[in-house]
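Naming follows writing order (A, B and C), and every chain is counted from residue 1.
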């Protein structure tokens, strides 16, 4: 379970243009479920997800990861619970790398290198042997029916193909939590539905999925378990869709 | 004033190193002053990022110091033809009063930077930056030394006037000279041999004890540091003699030359790395109880101990090998 | 240990791919870098080679030369000095030398004229260096008129020409018999240009020199080692001065490198953002940047050194020859003997790679500390 308590993120503190992107959010997210963060753009969904995903640190508040099988490089007194907000960047990163997989709105594939290399990229700095993660990457491409594209340069792909490559890349380090930020913003309805099918399959494999979206295809999907609605950085409502 | 390109290169490196050091030291002071790990404020995030920069800079400084140390000796050696009576680096360095202090400071700074990086490595493994203040206070001790070193280096090259009659290495390190290095050479070889090999033995035994039992870390660290000093004196006292196979050639620099198969590089590299690692063990000792490092330090110390033991063993083996096959036999 | 190595290998692999992807940008940096290394390396090789050549020439000079000073200027030495010097203990031989310069109005060159008892010259038969032979278009057996002191021609036959291999020493030489020499210059009898003194034990050279200076207060004994030293410092000085002139080039290169490292393209910035967002840590990106710098530096360094080697030792350094040799006009062609050692390469490395590395430290760090969530916010 991911537990957030009083999370606030303020930018440009003490300056004229100070603004609060996330305002005092307290929330519990259930494991092995799909949770959708819904709300207009600028409502703080993305900022909140980047804080949960250890990409950014909140200005104040605490986040606890319960029962996360993260490879922690230090002694952890609270058993399976980790408080992540006070950790230095290199430890946050270690947790992020082993625990979270990210799918971005723009897919964010690196241009000029092949699909296979793109998928393997998150594994490069882990120190794992190249042959090992290469086999895993090929396996993932196989799973998403894009093995034939392995040697293709990423900028030559269609939207649907890019999306699958981005998902495969998010899975390369075998994370337990997948974070997707507006994943369907650049997809047509057919591909959006297909994306939700894939996400449902991941849930079936035991992954926790967090999605920020204001696309009805996503938040009205039968596969999702709960919806958190946000506005102006605060949680307006949080309900289970079951 | 002379202007060989190597001197320009060395002065340039001195400037770069002290410039980088000062830059790192300035941000080190800011870190000491504003460090506030409890909050994710923007200033704190910025300071945490600076720590990466300072680590990188210190890594480069260590590398540059090591490379320029050898380049300095080599350049001094190359310059000896400019001076009547100078036969190698030993004579050129004595040409004015800045040569030897610059060399000494270069060695000290190298050791210092090495130990600092060990501390930095440990600190980076702790999740709450446990050593951050000590680390940057030490850094601010190192910076003036780096600056002083480049000043001395510049003074040395600026103060050189070719043709000054100088003592050559024959007299500088000869037994009759009253100078400091002469005293080292005058240390009788028999007791020095005993001291050197006992030092090595004590370091080895205490190192193995520390490795196996995890106790007496200070003893081991002190032993390795003292042995380092004894060994440097022994280089002058007897090791050089066996390598040159000459009963009165005490110069510690000539063995960096091709005639002796560059054996000096291996010897000094082994000795210096062993000393850095050994001193590093002692520097880490006070932090055994720090909660976030409880699991980190013992493992690091064991690895450092292995480094020291291997380096010193390599050194001893080469020396013993040279002594046994040397044409020279000291009574 | 193995993991650390794998990490390096993986990141190095990505570095190489990245460098190839941005060929245009990296190529211009490489070209400028290469040029700087090339210039500095050429200079370094050239000066070292000249030092070596000078040392070879000087090794032929006598251990001790005695000149006479008159009114603070060098004057002729009475041969009588030689006999007295020969009596000093330890001196094995004293040889009065006759030599001077001959200005050739035809092509503005100065030749060195030396009198010798060597059997290769005979009355009216001279031996000349290849340089002289080439400028005057001479062959063995030709008759040459030399303009003597009173403008009357002195006809000499070319008896032999020195081979090119001895060019550095002998290119501008004309060897005559002592009699012809005296005829040519109206050289006074019983005088010599200077005296070459040989000493049995080299350790006694300075003692002998001191005794000579004592006995003949107007004499100036010069040791070979002093000449060598003077030459070495002159070459070092010239090399250093040229280096300082080139320092402006080095400086502009460093500014260029810094600018390049700072001004990341939007594409690169985005890429680093992506890497950070998918789990690369600041130190991973620093490592990437380190390898990038290393690959560029080593490529530029190796290529620059190889090109400089060709420039100096195969083409005889056309870019520097005029500035640095500064000898007589007669040395148009001599092939330098290649001398390259680890020391020279280390100095070059220090002068080029280390400044470059230093200039890029802060920009690389800035790039590496891009916010990981930047990719999400875009």
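Note that a residue touches a chain if its C-beta (ideal position, glycine included) is under 8 Å from a C-beta of that chain, and two chains touch if they have at least 3 such contacts.
Keep in mind it's a predicted model, so treat the numbers as computed, not measured.
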### Query
What is the identifier of the chain with the smallest separation between its Cα mean and the overall Cα mean?
B
### Message
Per the definition at the top, count C-beta pairs in contact and tell me whether B-C or A-B has more.
### Response
B-C
### Query
Where the centre means the average of the CA atoms, what chain is farthest from chain C?
A
### Query
If you average the CA atoms of chain A and of chain C, how many Å lie between those two points?
63
### Message
Please tell me the distance, in whole Å, between the geometric centres of chain B and chain C computed from their C-alpha atoms.
### Response
34
### Summary
When centres are defined as mean Cα positions, the distance from chain A to chain B in whole Å is 48
### Message
At least two partner chains per residue is the criterion; list those residues in chain B.
### Response
49
### Message
For chain A, give me the residues that contact two or more of the other chains.
### Response
89-90
#### Entry: chain C residues counted as touching two or more neighbouring chains
282-283
### Partner chain B, residues of chain A touching it in the complex
11-13, 57-60, 73-75, 85-91
### Task
Using the touch definition up top, name the residues of chain C that touch chain B in the complex.
43-44, 47, 225-226, 228-230, 232-233, 236-237, 239-241, 243-244, 282-283, 286, 343, 346-347, 350-351, 354-355, 357-358, 361-362, 364-365, 368-369
### Query
So in the complex, which bits of chain B are touching chain A?
37-42, 45, 48-49, 124-129, 291-292, 294-296
### Summary
The chain A residues in contact with chain C across the complex are 46-47, 49-50, 55-56, 89-90, 93-94, 96-97, 102, 104-106, 108-113, 117, 121-130, 169, 173, 181
### Query
Can you list the residues on chain B that touch chain C in the complex?
2-10, 12-13, 16, 19-20, 49, 52-53, 56-57, 60, 64, 67-68, 71, 74, 78, 81-84, 162-163
